[in-house]
Structure formats: structure tokens, C-alpha cells
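Shared between the two complexes below is chain A, which has chain B as its partner in the first and chain C in the second.
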Partner chain A sequence: MSPAASAVTAAVSNAVTNPALWWMELGRRLGERKSKGLAALYLGALLAAPKLLEKPPPHLLAAAQSWFGGDDPFALFMYVWTDLAMNKLAVVTGIALGAGVLVEERADRSLVLSLSKPITPAGLYALRTGSAVAVAAGLYLITQLAGLGLFAAQIDGFRPGAFWLSGMVHVWAPIFATTLSALCAVAIGRQLGAALVSVLVLFSLVGGAFLGVYNPAWAGALAFNPFTQAVAGVTHLGDQSFATLAPPVVGLLVLNLVLVAVGARLARRVEP
Partner chain B sequence: MTPILSIEGLSKHYGAVVALDGVTFSVNPGEIFGFMGHNGAGKTTALRVLLGLTPPTSGRVTVMGLDPTQDPLGVRSQLGFLPASYALPREMTARSFLCYVGAMFSMPRAEAEARAEALITELGLSSFADRRLGGLSTGMAQKVGFAQALVNRPKLLLLDEPTSGLDPLGRHDLLESLRQLAETQGTTTMFSSHILSDVQTLCRRVAILHKGRLVAFGEAEALKAEHGVADMDALYLALARRERR
Partner chain C sequence: MTPIPWTYVRAELRREPLAFMGLSAGLFGAVSILATCWAVPRLPESVLTLLSLSLAVEGLPALVLVNTLLAVWFVAYFVGAVVVIRAIAAPRAENGLDLLLVKPVPPEVFVWSRILPAFGLCAAVGLGLSLTQVIGMWGLFDDQLSAAGALGAGLTTVAVAIAQLGALTALTARSTELAGALGLAIAVFMAVLTPTSVFIYRPDLFPVDGLGRALFVAPTSLILHSELIAWAWPIVMLVGVGVGALGLAWAARRVVVG
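And then the complex of A and B:
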């Protein structure tokens, strides 16, 4: 192979495997207004969650005691934090970051510049979805880390280890919301349509995340719900272990990889 | 001389719409080649086929010895492209965007930063290199657009309406940059435009499209003499009127 041909092959095969491109893409994502807006929402959740628990409605208290057993205030906090705050934020994050992958760039006419470079639509999809996932997971984990320090002083019976472990499982909720929204973007071809379908699907799944807790008879049938798997850290608060938390994490990892692969395949038909 | 770019019998249909109809011409290495036609004549479609962004309906295209339908990434890694209609990422600065483009050509960070710095200096972008792209004027944004087409030191530049929206000084600077690239680095440019005075200033050979068909191809001076006209405007009008009959 001639030096020129070698250079071409190298450029072609290395474009998406170039670590510098991933770092710059992450910087580009972080600089976007929607990333900054999402950071503000996560900060709001951190500040609001303890306030929600100052005077919990008696019916909610009674329900939580019935669902999670006993009168552990930490269990109620984890339910409020995970379901009322972070589950909803996961959906908003996913739609904000994922529903515009490639289609938003096509609409604003920046896609043609990207695709005139040695990168395939599938590669660009992986790059843009990857950076969206990194920002979604990063925002979640930073919030969880900040919560460790903040909630210890504010929540009775706060258990830092259990809080962090449940977050390590639930971080897959915003990741799933992002990869699903990105898939909707290339499948539907329009940002608004992708966002609407994502809202419908994701909020339906979030609404059913704890159904197996409310009614244990449904638990087996509802196990397919990724959000049910993502709240395993909370529903297994009393017995958090490798055996209880690893299977949902592995399942969610595989599901997200499949969604990205399908999205990348659909992205091949995207023309600028 | 082996052409750097050749198009043979290129047709592109979008349903019933014929965007290109049996177009044939070639571009030689090192020349600034004028690619002319009115809005909607098929220039942008032809450029997209050359980049491998859209497949031809029929015909054969070769760019630097490669077939863009078979090896689009190989073609794109060696050429620079400035579209007629595009947007730059609003939140990035010119400097970070040029680095990003360098990374898309597999440059390590240090090399991408050095290349961005060199382009900022060469093209006079220093005064706004660290401003957000969303806040740049049309002329400044077009300079950044031109710079991104040069990041990989391309052998071939495909420029689609590059002077549209530029003031006279900006136009002069861009045309001068193209001349210098051709003279000092032997860069070939395919200059697509409907601003015929720019083509006349810059290009010795031209191809003229009208409604997707090639209506003239060759030396601009010879074409003008053949049609008994003095400038490119008159040549284009003469050809368009002939096609209308």
C-alpha cells in the first residue's frame, strides 16, 4: 500500500476512534445551552428534595411504609428522590440531549459540514449519542455525589452507601432515556416528532417503574420495564448486594448498546 | 494530464425531478475550475455526488482516483468542502471548531490545535478566533467556513457559492486566498458560483449547467469567442437563451 493510501486508510479508520475527537465532542456538548439548563434542573432537584420531605403528606407516609416496610424515613426519602425527582429528570435529560441527534443538525444545516468530513453517518451518530450519554450520566452522578454531602445533614437515617449504590443502578435511567430518544430521532427523522414519541414512551415507563412495588403480584410481568430495573437499588434497599444489583445493570447495559447499534444502523440513511 | 476529478454521464433523479442529466466534464490538477449555473441548475447536487453524500442515479464519478460511491471516506479525507448553505455550531468558538474539525481528520489534539492556530493566522481570523460562532457576522462566519475546508490541507477544494454574502473586501480576500493556494500549494479548486464576475476573475476553464444539463465546457475565452460575447454574463445569457428555444 502506498504512503498516500495508508494515510487515507488511517484517517478513515481512526476518525471515530480518535480520543481527541471524543474529548472535543464532550466539550462541545457541555458548552451547549441545554446542557447548562439541565445542570440547573439537577441543582434545583438537590435543593428541593429535602424541602419535599419536611412535611410529607400522611397518606404518602403510610403508603411508603406499606410499600417498603417499616417506618424508615430513609426509605421514604429514597422513593421521593428516585421517583419524584430523578426519574422525571432522567426523562427530561434524555429527550433534551437525545431527541436532536443528527436531525437537529440537519435542520440547522450544520450536518452537511460534519458529513463532508471522513466520518460516516453511523459514526457521527455514535459520537453525538455518546457525548449525550456522557453528559446525561455525568450530570446524574455529580448530582448524586453532591447529594451525599448535602443529604447526610438533612435526612434522618441517611445511609450514604445505599444512596450511592442505588444511584449507580439508577444512572442507567437517564442513559436509557438518551439512547431511546436518539434512536427515535433517526427513526422518525424530525426532532419534534422524536421528542413527542419519547415523552409518551418514557413517561409511560416511568409511571410503571414502581408498579411491582405497589402490587408485588405484577412484579414479574413488569420486569421488562427498564425504569423498573433502574430503581432496583431502591426496591432492594434492605438487601443491596452484587447479586441483586448486577443483573439489572448488565441488562440495562446490553439494552443501551442494542439501542445505539440500531440507531447507528438507521443513521446510515440520513442525508444532510 | 490525468484529471483530478472526472464526471462521465452523471445523472441524478429525485423521483420525477431530474437534477442532473448526463453531465460529463473533468477538472485538471492545480486549476481553479469554474462551475456555473443558475440557482437550481444542479451544481449542489453534483458536489454532493462528488463527496459521496448522495449516490448518482447513473454515470461514473472519479475523485483523485477514487469512486465516491465506493470509498466516500477516502475521498472526503483528501478534499475540503464549503457548502452554499450551512450553519456553524453556535456555542463553539472559531478556534475550538477548527480543532474539532482537525480531530475529525484523525489529528491528535496538539496537531489539531497547531493547525487551527496556523489557519487563524493565515486567514486573518485572530480578532474573533475566541468569540462564539453564533455571534459572528456573515463575513466572519464565511471566513471560518473557508478555514474549516482547509484544515486537512486538501489537494482538492469544492466550494459552493463561497462568495455569496461577502462584502467586496471579503470577496477579494477569498479569491486571493484561492489564487495563492493554487500557486503555492498546487491546490485544485472547483469553484461553483452563479456570480459570473467571480468566475471570470478566477477561472480559465469552466463548465456551465442549465436545468441539470451541461450546456458548455472548456476554456472560458474560447467559449466567449465561439458565442461572440465579451464577458461571462453575456456568455451565460446566450447559452440560457439557446436552451430556452
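And then the complex of A and C:
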């Protein structure tokens, strides 16, 4: 191989590990209108959640206590915050950020330009999905951090430690939604068809996140649901520990790595 | 009035793989609905009591129907929404809309012929899923909730979905980004559902009965008034299609920019 060719090969294989490229990609992501729109939605959730729980009906308080144990208003708050607000936002985030990976660039005809640079389709997929995951996780964690300050004053019996730990597990819900949407995009190849499949699958999974809590007899059969694993911080609100929370996180980490790897493999089929 | 260019309208109708989309989304919805019909009666008594108290409906058939209605509405709306977005927002995002709009076709005909397939697909999938839920619930019906009431409630949600698709068409007529249009599609769906979610946690914010209650607490009030809905659904359908048509008329005024 000639020196010129090997230099090109080195650039191709190193492009994705170049921090400057990631920095630029992240800047581009943050400048997108959908990132700003998502930030507004997360802000809305922060402001609306305490209002929603100002006068909770007694039957809900009793149910939350029987499911999750712990202090009355706090258990219900954790359930509402995680299932009503953050689970739904996780799906919306995943579809907004993930469903356009590569197919969006193809639609506005910038993909052919990107692929003329020394980067492989798999590398570009990893870059775009990676930045989407970074923004999804960043938005989630910033919201959770803001909630830590905001809710302490507004929610009776608020436990900052339990709230934060639960968020550290549940942050994998928006990450999963993003990597799955991105995988659908390159597997199906048509942005809207892929988005429809992602919407149907993700909302069905999210709807069943707590089904194993409602009927413990089904908990084993439903454990495959990534959203069920991601809400472990709430289902184990009474006994949050390394033993109850580490396995879901490890499982979700592996699942997401597999989804990104499969997506990167399929990215080669996307024609610019 | 200019005559309608039927050749063009027929060509637009053949553009989308409507049968494939309808069948695959319908199959997905049917499986979800039958699974719901199987699962809800098997939930523990305490959870059913909680559901009943939260949603202010009584009886097992009503609790099953609340959940299946959501599936009918969700699938019928989103399968239509994809066709709506592919009709105008997608070509605009791909810089191809100008080319479509230079044809000697009035904007109204352009919008109608591209969006009516979405309404039709939504209605067909919705009808199929409404029938599926009646089949899935067979044997559960009692003197409080009849099969005709369940069918009528299903078709009423389809009418709401068609009205929402009209609104979505108008709202996305000038979208330049696909992701933005998709976000609007989710927002339009959620907007109608949000009052019901709020109702579960803050029933004190809603009127105890009357028209305000019936309109805002959407799926459950359909069940409470299922005897009325059993024969009144065609009227709701006419209103839904009327609102959808208004949305299309508005979209036709917005689609040509400048």
C-alpha cells in the first residue's frame, strides 16, 4: 500500500475517534431546532409536575404506597414523575433525535457530501447516534438536577438521594428510545415509516413499563421490557441498593451498545 | 369554479402504499387490542378498583374499553399522520415541494387529493380496530355497556382522529423540517389526551358533570354516555370530518408560501 493510501486509511479509521469532530457534531446537535424544542418540553415537565400533585386523590396515595412502599406523597410523586412525565418525554426525545439519523441527511442531500469525506457510513452513524444520545442524556440529567433543587421545597417527604439514583437508572430510557429509533431509521431506510414503527413500538413498551407492578404474577414475563428495567429506581424505591439497581443499568448498557453496533452495520446499506 | 382534474387525483391516490400501511398498522393494533382484552380482566382486584376510581367509570367492560379505545385512537391517528406528513411537509423538507406546486393544479385540489387518502386510511384502520375490540370484548358486555355502545365509542375516537389529522395538515403546511412535523404530530395527539391524564391526578379541577366534563375527560365520558354514542356516532363523525375539512381548507391557503 502506498504511503498516500495508508494515510487515507488512517484518516478513515481515526475520524470517529477525533475529539474535534465530536465537539463540532455536538455543537450542531445543540443548535438544531428540535433540541431547543425538547429543552422547552423538559422545562414544562419541571413546572407542571408539582402542580399535578397538589391535591392527590386518597386512592392514588394508598396505591402508590402499597406498590412502592416508602413515604406517602413521595412514592406517588416518583411514580408520576417517572411514568407520566419522564417516560413519555423519553419516547418523544428518542423519536425527535434518533429517527432522523442518516435518513435526514439523505433527505436534505447533505449525506452525499458527508460521505465524500474520509468517514465510513458506520462511523457517521456512530457519530450522529452518539451525539443524539449525548443530548438526550444531557437534557434528562440537567432536568433531574434542576428537579433536585425545585422539588425539595415543593414535595412533602422529598428524598433527594432516592430521586437522583432513580434518575441515574431511568436516564437509560431516553437513551434506549434514541438508539432504537436510530436503528429503525437505517433498518427501514424511510424516515417517516421508521418513525411510525418507533412510535408504535416505543409507546407500547412505555405503556407496559409498570405492568409487572400492577400484577406481580406477570413481572417475570415482562422483565424483557427495557422501560421496565429503566424504572427500577421507582419499583425498588423502598430498597434501592447496588444489588437492585446495578443489573438493570448493566443490562440497558449492553442492550444500547448492541443496538448501536447493529445500526452501524446496517448503515452501510443506506444509499446517499 | 375550475373543473377537478380527476386524472391527477387518481394518480395521487395510487402514490402511497396505503394497503400495506393499513394492514401492518392494523395488525399491530389488533394484536394490542386483543392482548388488552385478555390482560385487563386478569389484573388484581385492587388495581381494577384503582383504575375505576381514577377514571370515574364502573364495571369491568368499561375498564377494558377505556384501554382498547386508546389503542384504536392511537393507531388510527398515527397511521394517518404519516400519510399527512408525507403529503406536504416531507416534500418541503426535501426541497421538492416547489416542483409539485408548479403543476396546473389549484392548491385546494393539491391538498385534498394528497390528504384524503390519510383520512380514508385512518377511517379504515379505525373501523377495523373498533370491530376488533367488539370481538375481543365479546362475552364481557352487560346491561351497562352494549356491543353497539363499544363500536360507537370506537368510531367516535376515529372521528376525533380525523379532526386531529385536519388540524395537523394545517399546522404542518409550512413545516420545513421533518422532525418538527413529527413533533407536531405527537403534540396534536397528546393535546386531546392531556386533560384525561390531568383528571386522574386532579379531579378537583374539572366540573362534576355537564358538557365541560363530557368534552374534556374524553375516552371515559364516551363510556359513561355509551347509550347515546351507540346511535349518535354518525353525527360525531360528520362533525369530525367537518373539522378535518376546515383544517384542509386552511392548509390550502397556507401551502403556497409568498
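Simple rule for what comes next: the second predicted complex is superposed on the first by the 256 of 272 C-alpha atoms of A that agree within 3 Å, B and C clash if a C-alpha of one lies under 4 Å from a C-alpha of the other, contacts with A are read in each partner's own complex, and residues count from 1 in each chain.
The criterion applied here is as follows: a residue touches a chain if its C-beta (ideal position, glycine included) is under 8 Å from a C-beta of that chain, and two chains touch if they have at least 3 such contacts.
What you see is a predicted model, and the numbers here were worked out from it, not measured in a lab.
Student: Do chain B and chain C fit side by side on chain A after the overlay, or clash?
Tutor: fit
Student: Quick one: classify A:I142 as touching chain B (first), chain C (second), both or neither.
Tutor: Touch status of A:I142: no partner.
Student: Examine A:D108 and indicate which partner it touches, taking first as chain B and second as chain C; both and neither are also allowed.
Tutor: In the superposition, A:D108 touches chain B and chain C alike.
Student: On the chain A superposition, what angle, as a multiple of 10 degrees, is formed at chain A by the C-alpha centres of chain B and chain C?
Tutor: 90
Student: Quick check on the superposed pair: does A:A219 touch chain B, chain C, both, or neither? Answer first, second, both or neither.
Tutor: neither
Student: So, does A:P118 touch the first partner chain B, the second partner chain C, both, or neither?
Tutor: Once the two structures are laid over each other on A, A:P118 reaches chain B alone.
Student: Looking at the overlay, does A:E25 come into contact with chain B only (first), chain C only (second), both, or neither?
Tutor: Only chain B is touched by A:E25; chain C is not.
Student: Touching A:R33 in the superposition: chain B (first), chain C (second), both, neither?
Tutor: Both partners, chain B and chain C.
Student: A:E271 contacts which: chain B (first), chain C (second), both, neither?
Tutor: first
Student: Superposed on chain A, how close does chain B come to chain C by Cα atoms? Whole Å, please.
Tutor: Checking C-alpha atoms only, chain B sits 9 Å from chain C at its nearest point.
Student: For chain A, which residues belong to both interfaces, chain B and chain C?
Tutor: 32-33, 108-109
Student: Using the touch definition up top, name the residues of chain A that touch chain C in the complex.
Tutor: It comes out as residues 32-34, 37, 52-57, 59-60, 63, 66, 80, 84, 88, 92, 95-96, 99-100, 104, 107-109, 191-193, 195-196, 199-200, 203-204, 211, 214-215.
Student: Please output the residues of chain C touching chain A within their complex, sorted ascending.
Tutor: Those in contact with chain A are residues 25, 28, 32, 39, 42-44, 46-47, 49-50, 53-54, 74-75, 78-79, 82, 85-86, 90, 93-95, 177-180, 182-183, 186, 190, 197-198, 200-204.
Student: Okay, in this complex, where on chain A does chain B touch?
Tutor: Counting only chain A, the residues touching chain B are 7-12, 14-15, 18, 20-21, 23-25, 27-28, 31-33, 108-110, 112-120, 271-272.
Student: Could you pull out which chain B residues touch chain A in their complex?
Tutor: Going through chain B, the ones touching chain A are 51, 53-54, 72-74, 76-78, 81, 83, 85-89, 91-92, 96, 99-101, 103-109, 112, 145, 148.
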